Structures are given as C-alpha cells and as structure tokens.
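Single-structure report; data block below.
Going in written order, the chains are labelled A, B, C and D, and every chain counts its residues from 1.
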Amino acid sequence: MNNNTDKRLEVTIKDMVLRNPVMTASGTFGYGYDFEDFMSLDSLGGIVVKATTGSNREGNPYPRMAETSSGMLNAVGLQNKGIDYFCRSLYKKIKDINTNMVVNVSGSSIEEYVEVAQRINELENIPAIELNISCPNVKQGGMAFGTDPKMASEVVKAVRKAYDKTLIVKLSPNVTSIVEIAKAVEASGADSLSMINTLFGMAVDAEKRQPLLSTITGGLSGPAVKPVALRCVWQVAKQTKLPIIGIGGIMNATDAIEFILVGATAIEIGTANFINPSISQEIVYGLSEYLDRHNIKNISEIRGII
Amino acid sequence: MNNNTDKRLEVTIKDMVLRNPVMTASGTFGYGYDFEDFMSLDSLGGIVVKATTGSNREGNPYPRMAETSSGMLNAVGLQNKGIDYFCRSLYKKIKDINTNMVVNVSGSSIEEYVEVAQRINELENIPAIELNISCPNVKQGGMAFGTDPKMASEVVKAVRKAYDKTLIVKLSPNVTSIVEIAKAVEASGADSLSMINTLFGMAVDAEKRQPLLSTITGGLSGPAVKPVALRCVWQVAKQTKLPIIGIGGIMNATDAIEFILVGATAIEIGTANFINPSISQEIVYGLSEYLDRHNIKNISEIRGII
Amino acid sequence: MKYCKDFIVVENETITPTLFILKLQYLETLPEIKAGQFVEIMVKGEANVFLRRPISIHDVDKDRNQISLLIQIVGKGTEELSKLKKGESLNLIFPLGNGFTIIGKKVLLVGGGCGAAPLLYLARVLKQNQIKSDILIGCRDIKQLFSKKEYESLSNLHIATEDGSCGIKGLVTSHPILDEDFDSIYCCGPTPMMKAISKLAKERNIPCYVSLEHKMACGFGVCLCCVVDTNQGNKRTCTTGPIFLSSELKDF
Amino acid sequence: MKYCKDFIVVENETITPTLFILKLQYLETLPEIKAGQFVEIMVKGEANVFLRRPISIHDVDKDRNQISLLIQIVGKGTEELSKLKKGESLNLIFPLGNGFTIIGKKVLLVGGGCGAAPLLYLARVLKQNQIKSDILIGCRDIKQLFSKKEYESLSNLHIATEDGSCGIKGLVTSHPILDEDFDSIYCCGPTPMMKAISKLAKERNIPCYVSLEHKMACGFGVCLCCVVDTNQGNKRTCTTGPIFLSSELKDF
C-alpha cells in the first residue's frame, strides 16, 4: 500500500490536515529540502523547520554537541538568519514542498515572538507555527517563557492576537508541573501542544576535565528522554483537550505508536533523522503495518487509550 | 595499592568521614549484606539502605519495573517493614558493617519523617540519614515535599530539630528550579544534599497497548539520566555551600569523576549495582587509578573545578 | 553463596527456530545448585540490552562443571543470546532463587513449552534421591519437544500435544496421569497452565509448587521489583521464589 | 546527490595497533567523489554507539567501485570499526562535505599522522589532472607511516619523523620543502600543525586549505552542531567545509 494514500493515518490538528501523524522536529530536519536525497518529503504529515527569530542569530560557539548514553546534548542556540531572510529567501525554497510546512518561532521577548508570528501569518503556504517557549539553549527568553505559567500565558495570548492559523505551542519538560503550563497555554488560545523539547543537561570530559559544550549545559534528546516524554504527553492528554504532538526519542514506528496510545494526535521525529535520514518515511510505513497487524480501521481508534 | 587505605580518597560530609567518595544508593543495595558475596563492603565510603518509613508499607503492585534505553523505570513505592522492624531487627544485621551505614528516611507527613528520624537518631552506628523528599512512586508525600520549596523547608526544619547527626537531603530533578529547592533546604538546616532521585517517566507496551508499570508512571534511573544529574549537581554546587553527593547513571569510575569535577564531594551508585554487583568496589579502584594517572594528590583538588 | 563469574559456551543447540539450549562450562568447581534455581545473564552485543536476563537452570553436569540453559527467543536479549558461539564467554550471577522443596515419595512434574526448563534438572535430582517421578510435558507439536531421551531416562514421560503429533491430543490438563495420586506436584509453564494445575491440586489437597517468571531488575533480592502478592504480603520472587507453593499466592 | 547505502568490507588492514585501513566495496556505481569529502558511518556492535562517525575518504578506486578509509582508534566507535571483518556490511551516508578546490599547477600537500587521510585521494586526483604535487608527511616514527608506495607513485614524497627514523628528523614545519614556492597548500592533520602551516602560508601569501575535524551530529547540514567561526560568521563544517581556506577562519 502506498502510505501517501493510507487514509487510515490521516489526522487533523485544528485546521491543518496531515496525511499521517508523522512530522519532523525543528532543528533536526533543516528546511526539509536537505532530506530530498534520502526520501520523498510528500510522504510526511508535516515538517517543522528550524527555529526562526526576529533577526539574525549566530547561536553559541563550537562545540555544540556531545554524545551521551542513548542520546545527545546540543547547544546550538537558535542559530538562524532571522525572519526577513526567511520570508525573502527560504520561504521560496520550501513553499512548494507538498506537506505541511510548519515554522518553529522563537524569541527573547514577547514583541519578537509576535513580530515573527505576524510575518509568517502572511505566508500562504505555512499552515501553522510552533511557538518554541522551551529552548534551554539561549540565555534570554526561550525556556524562561515555558517554565512560568504566567509568562507562557502572556506570550501565547499576544501571539494568538497576531496569528490566525494553527498555533502549536511547544512545551518544556524542565518544569515541576507540565500540566500547569499546558493548561495556561490552552486557556490563552493555543490550538495544539507539542512536547517535549530537550531536557536540560550537561556532559563532561573527565580526561580533559572540562565541559563538552561551550555553553556548559545543553539540551538532551534521543531515546534516553522517551520515558519522560511519554509521561508528559500522558499527563497533559488526560488534563487538557488540545491535540498533542508527541516528541522525544522516537526511533521507530513502535515508539510512535506508544505516543499515540498515551494521547498524541501526531508525532515529531528529531534526533533519529541524524542517524537514519529516511527514518521518518519508514515510520509512516511502520504505522500502516501496525494498523494492518492489529486490524485497526483508523489511527484515532488507539489514540489516548492508555 | 589497597584502596581501603588510599588516603587521597578520604572525604568528609559534615561529621561523617568517608574512606572514599563511593557510596551506594538507596533502593539499589538492599541493606548492604546482600552484596557480601560479591565484594568487601568495607571498601566503600558508605552504604545508603532502602527507604524506611513510619510503619510497614507493601509498596505498589507488580509489575514495578520496565527497561528503557540505557535505563530502567521502577515503581517500587517505598516497600519496607517500617521503623520498628528496622530498629528491632535490621539494625542488628547492619550495625557492624565497617562503613558508614546511612538510612534513607521517607514518609507521607512531616510527623512521619520526624518520627523515623528521631528513632534513628538513637542508633549509635548510623552516622547519617538521607531524607528522601523526592520519591516519584508514592501518591502522598514523597516527591511532593521535594518539589515545593516551602514544603521542603518545613520538613527539613522539623527533622533538623529531631536529629543531631549528619542530615543529608535527597533532591528531585523533577522541578523547574532545583537551585531554589536546594537553597530552601540549605537554609533549613541540612548538612548535605544528595541528588538526583529518579526522573518522572513512563513506559508503554505497544503490542499489548498497556502501560508497563502497574502505577503507569515511575522513576527513571541509569545512564540515560546522567546528563540531567550532572547538570543538577553543577547548578547546585555553584549556588550553595553544602557538600553534595552526586547520583544518577554512574556506571564506572569515569562517570564518578565527572560528578566530582562538577562539584560532588561523594557519589552514590544505583542501578549499576544490578548489572555488576561488585561495581562499587571496582569504582573505588578506578578512582585511585585516575588520581595516579593524573598525578593528583587528593581528590579534593579536582572537586568542582568545572 | 552467590557468584558473579564467566562461563564459556561449549554448545549452542538449536531446537526450533525460537528455542535453543546453551551448554556452559564453568572454569572452577560448581557450587551446590538446587533444581528450580536460576542465573542472571549479562547480555553483550549490538542489541544494547541494559539489564541482565533471568534464565532457569535447565540441567547441571556436576562431573564436567557444566550447566545448560533452555531459552526461548521472545525479544532482543534472548535473540542476542541465540547468536552465541562455542568458545564465547558469558557472565552469570548464580545460583539464584530458592529452588524446589522436595516433598513425598511419588511426585508429578508438569511442564508447558519452554517453561518446562527447570524440570529436567529436577527430574535428575529426584532420581538421585530415589524418588519416583512422572513427568507430563505439554507443547504445541512434536517439533517443540526437547530433551525427550533425558526425561525418559529419569522419569516416566507423558506427553500432550495440541495437534496430537505426540502423546495425547489436547492440553496437559486433560491428561489421564493427572487422575493418579501424588504426594506433590511441580509445575512450570505459562501462567494459565500453572493456574489450572494448581486448582486441580488444591481440589485434591496435593501441595503444588509453581515457578514464577516475574520481571526482575537485580535477581538477588535488592531492588524489590519482582514481588508477588502472597498470603504474607508482597514477597520477592527472586529470593523467596521463583518457586512458590501455589496455595501461598493470592492470584492462584 | 547524497546516498545512504551499505558497503561491504573487502579488507581491514592493520597499519599500527591503533591505525587501520578499511577497503569497502560499493554494490552500485560510485557517484562522483571529490578529494576531501567524507562519509558518515553507522557503527553497530556492542560499543552501543549512538551517532554516526565522520571519516574522510582516504582513496577511491572508481574501476572497482571501492573506497578506502584510514582510521585511528581514539574511542569506542573507532575501536568497534577496527573489529570489522571481510564480508561484513557497513552503512554510510556519502559523499559529504565540499572537498578540496584545486588552485594552480604546483601544489604542496602536508599531512600529519592519521589526519593525512584525505591526501592520498587528493594526490591521485592531482596526478590525473597533470598537476605537479609535492607531499610532505609528518609522523612520530617510521612505523606510523602508511601508503608510502602509493604516495610515491603519485607525488614527490617528503617525510619528517619525530625520531628521525625516516626522512628528516623533526616536525613537518622544519622541512626544507616548505621553502620552495607553491601555488597552493593543502594541509590535514592535528590543529597545531595546520595552524603552523597556515601561518607560514599566510606570510608568503600562498592560499592554504585545511580540513577541520569538528564534532558532528548529522554530517549533512541539518543540525548546526559542527560550526566554525569564519569571517562570515558561523559556518557548518560539514557542508561549507570540512575544507576551508585558512584565511577565512577566525581561529587560524
């Protein structure tokens, strides 16, 4: 069966129709076209491109990466060329990719988030933004907005006013109660929640006696974080009504199914793209196989049954 | 060199002198004597025995364990026979073990914590307690005390009044700011901080479509959590003055050194004991070797240099 | 006394595509091992298995200092073990668990599928102690049957196969040998089978021992992950068990 | 076009206890590969390596559709690769990176230790293009020297060893060949060496290309982990590089 047409996998997130629940995570899939050599992008439900901010950002100094047990730390720090460049140059390159092209929006102030959202609102072929209030790799803003329910609420309200299309808000796991943040974001007008962003971590070179990242701390991703991500999705699915996009350590279709079972409507593949650049397409096939094997008529039948 | 006598490794935590920084973590080392077949207990700096509560607890139903990528989830839920049984029966079995025998103290109320601490205060051969305000596996108390600075402060103050010897408080990583909790605990009279307890997580059986733990969620341990643990120790070491015991995913001497580099005075080995029951003793040897190789005269030279 | 030591694979015998027997050589003198005890295996290799895997001791050859394990492939750990080659080494913690308590002079052993693993060594021990045993093995078909000759040399072998390709056709619970009288019954296999046999034994007031394969993190009593609900509350399967008198278990 | 495909190991040649050459067979027709490009290797096996490992293409045999990699064991991934046996398969993403830009008619190649890996294929390409090249290799002693015959057949080989066991005694930077005039210099090796050669080249106004071995998560431009600070800000080493004109790098 051609998965492109496996109707059982279709899901919707507010106004955005996804041909299947498989999306790719911001910061791990470039602007999509980098993967054209390895797979057909139109097999995917959606692609979330790298974080875009108000103006050009150089990000953090090298080294920005450290491998850990079943995972990696990154300290990229939102390197990107800013919203102007995005609208002027990148948008043209991605606007005809035949899947939902979602932009991850970041900033250091409410004004910056709003400005970027407003500009993207005008781009016809961007059906949704993912508001990144959970990046642990920048000093100002980023995770701060995502760890305080009041700040989270403020930024979401402000962006909601400026942005008409599907508004996904990406949550941080580095909080005492992710449910509290999720509820605040829900009440402030978000259409969907995606989670989790990276866990706040660090790595050390014992021989050289120094940190492995230039910023000392960074964001942990990969299979190591999956148990935390599943717990977050499960908690939030039980206590809010918004469609959830599950993220964290998904390496294969079984992992994706686990997220759907605990309540995710869609999922995003992150770090796995580095190891197998065609994994996201393979996971789409894997989902169809799972439905076949378990005789399931529509993926929604198993959503949130745990 | 016999590590038992490698003076370079000696450390102190308030009034407790450890012949080396290597301790074993509560819930992973039984009451110590279970490991006598595999190693000499007197090679260790200390042993933290299983959580003890006011009265008998049956813990959670089976299944209580799920394996994850580079880690495991547990949902034991503080099963133990209570403080009476501990004083009456277990204490006799452990009091002559020639290392620091520390008791992990848990409870559902401040009164329960105080009662247990008081009783242990009277046991001559228990030089310290580790106050467990961070267990994610019980409905009441446990982690709740460790995720709110005010509650943490209250329980520590109350126990401090009832307990004269070395008071270690074990912190949860499942908080927005571990530094905030650490400072509250420091100000309330703790002598030392140990961290981290397990990360709050969950695991799912995609084929059977059900959670793998009877309690659905549980506590994640093992190498998967090491980056988070290192980050917690590093943050707290920079912002408080208390000696820290580093815990989380330590599998070998290199891992132990990493914790010391970011500020830990001692470390505890947890899940690794299940895989290699003589690992804690091997890590003591590994530390001596590291000091030899790097020509370090005393372990304190490298403490917190990152 | 428990040990944590390397063994050397002397044979890896394929029984069916998902069932194999590992014969392992110990380089020292084997300690006393009771039937029903188990080992915790460190699984190396690309499967990237984190915890050890508990496996019953299928047989013991004291003279040669060898033990054998009967293993069914159910996941990545057992799959990895199935690839072991002669000469490779394997780290075990052993012997673990309580082992069977032998009661009476005429006993019945009941095994289903690969769960029957500990019964071969039990039959051997019973014979050494001049206790008369019958053994009833249930399996899907004749291809799943293993160690038939050994069983026959140690005990009176009775067989039930689902397709009738060997012995009677049907489940073990329908085998006529169950109508005979025994001093005790020792049962290892799938939980539904063990429950059915327990029920039968209870009705006839025969002590029935079962072997529980609970998930374990340590296998030697320190993690409290493997508990089973008993008349005296939660007990560790790895130390109080894995062999329990079925009447002590809440669920049986 | 980039590919993610399996290769088959046809040879694993040990040079020194920590240095080896893997010769890999591609089962299709190799695409165009530029000297200085690299591959990202999926490392399977018990080392439990999470990310791929970037390794330069040491040589290409177009006729046979083979490539070779020169690898130094520095950690668990390279250690695991060193155990590969003839016939085993290896998954690669390739070809990655920009490769060398060839400038001029008389060029110098300078390599230190295993960093010299990409220079063999560069020398081959230069010869194919009738460009006269000298190659200067520095290493600890004669035992560390590899592919000597190949180099000699492609280029004028000059050697500097720390102990004088081959060529001149001393560091590459003290070799007289550096006094000659070149249109460009291509330098691969330890960072201090590349910096020293760059400095020398700068003084004499010769364009000098260096190859950076930054830590990479993806290797094909999407993670932004591998950046280097250049005159135009942070650039990805894996796509803009790994070959950079040293005058463009802030640190050089």
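What we mean here is this: a residue touches a chain if its C-beta (ideal position, glycine included) is under 8 Å from a C-beta of that chain, and two chains touch if they have at least 3 such contacts.
Since this is a predicted model, take the numbers as computed values, not measurements.
Steps from subunit C to subunit D, taking the shortest chain of touch contacts, total 1. Most remote chain with respect to subunit B, judged by CA-atom centres, is D. Subunit A and subunit D have Cα centroids lying 36 Å from one another. With each centre defined as the average position of its C-alpha atoms, the distance from subunit B to subunit D rounds to 47 Å.
With touch defined as above, residues shared between interfaces to two or more other chains in subunit C number as follows: 48. In subunit B, 68-71, 222 are the positions where the chain touches two or more neighbouring chains simultaneously.
In terms of which chains touch, the assembly is arranged as a closed ring, every chain touching its two neighbours and no others.
The chain pairs satisfying the stated touch condition come to A-B, A-D, B-C, C-D. Residues 68-71, 73, 147-148, 174-176, 199-204, 206, 209-211, 216-217, 220, 222-228, 230-231, 234, 249, 254-255, 257-258, 261-262, 290, 302, 305-306 of subunit B touch subunit A in their complex. Residues of subunit D touching subunit C in their complex: 44-46, 48. Interface of subunit B with subunit C (complex): residues 27-30, 34-35, 37-38, 50, 58-59, 61-72, 74, 76, 79, 222, 271, 273-278. Of all residues in subunit C, only 1-4, 42, 48-52, 93, 214-229, 233-234 touch subunit B in the complex they form.
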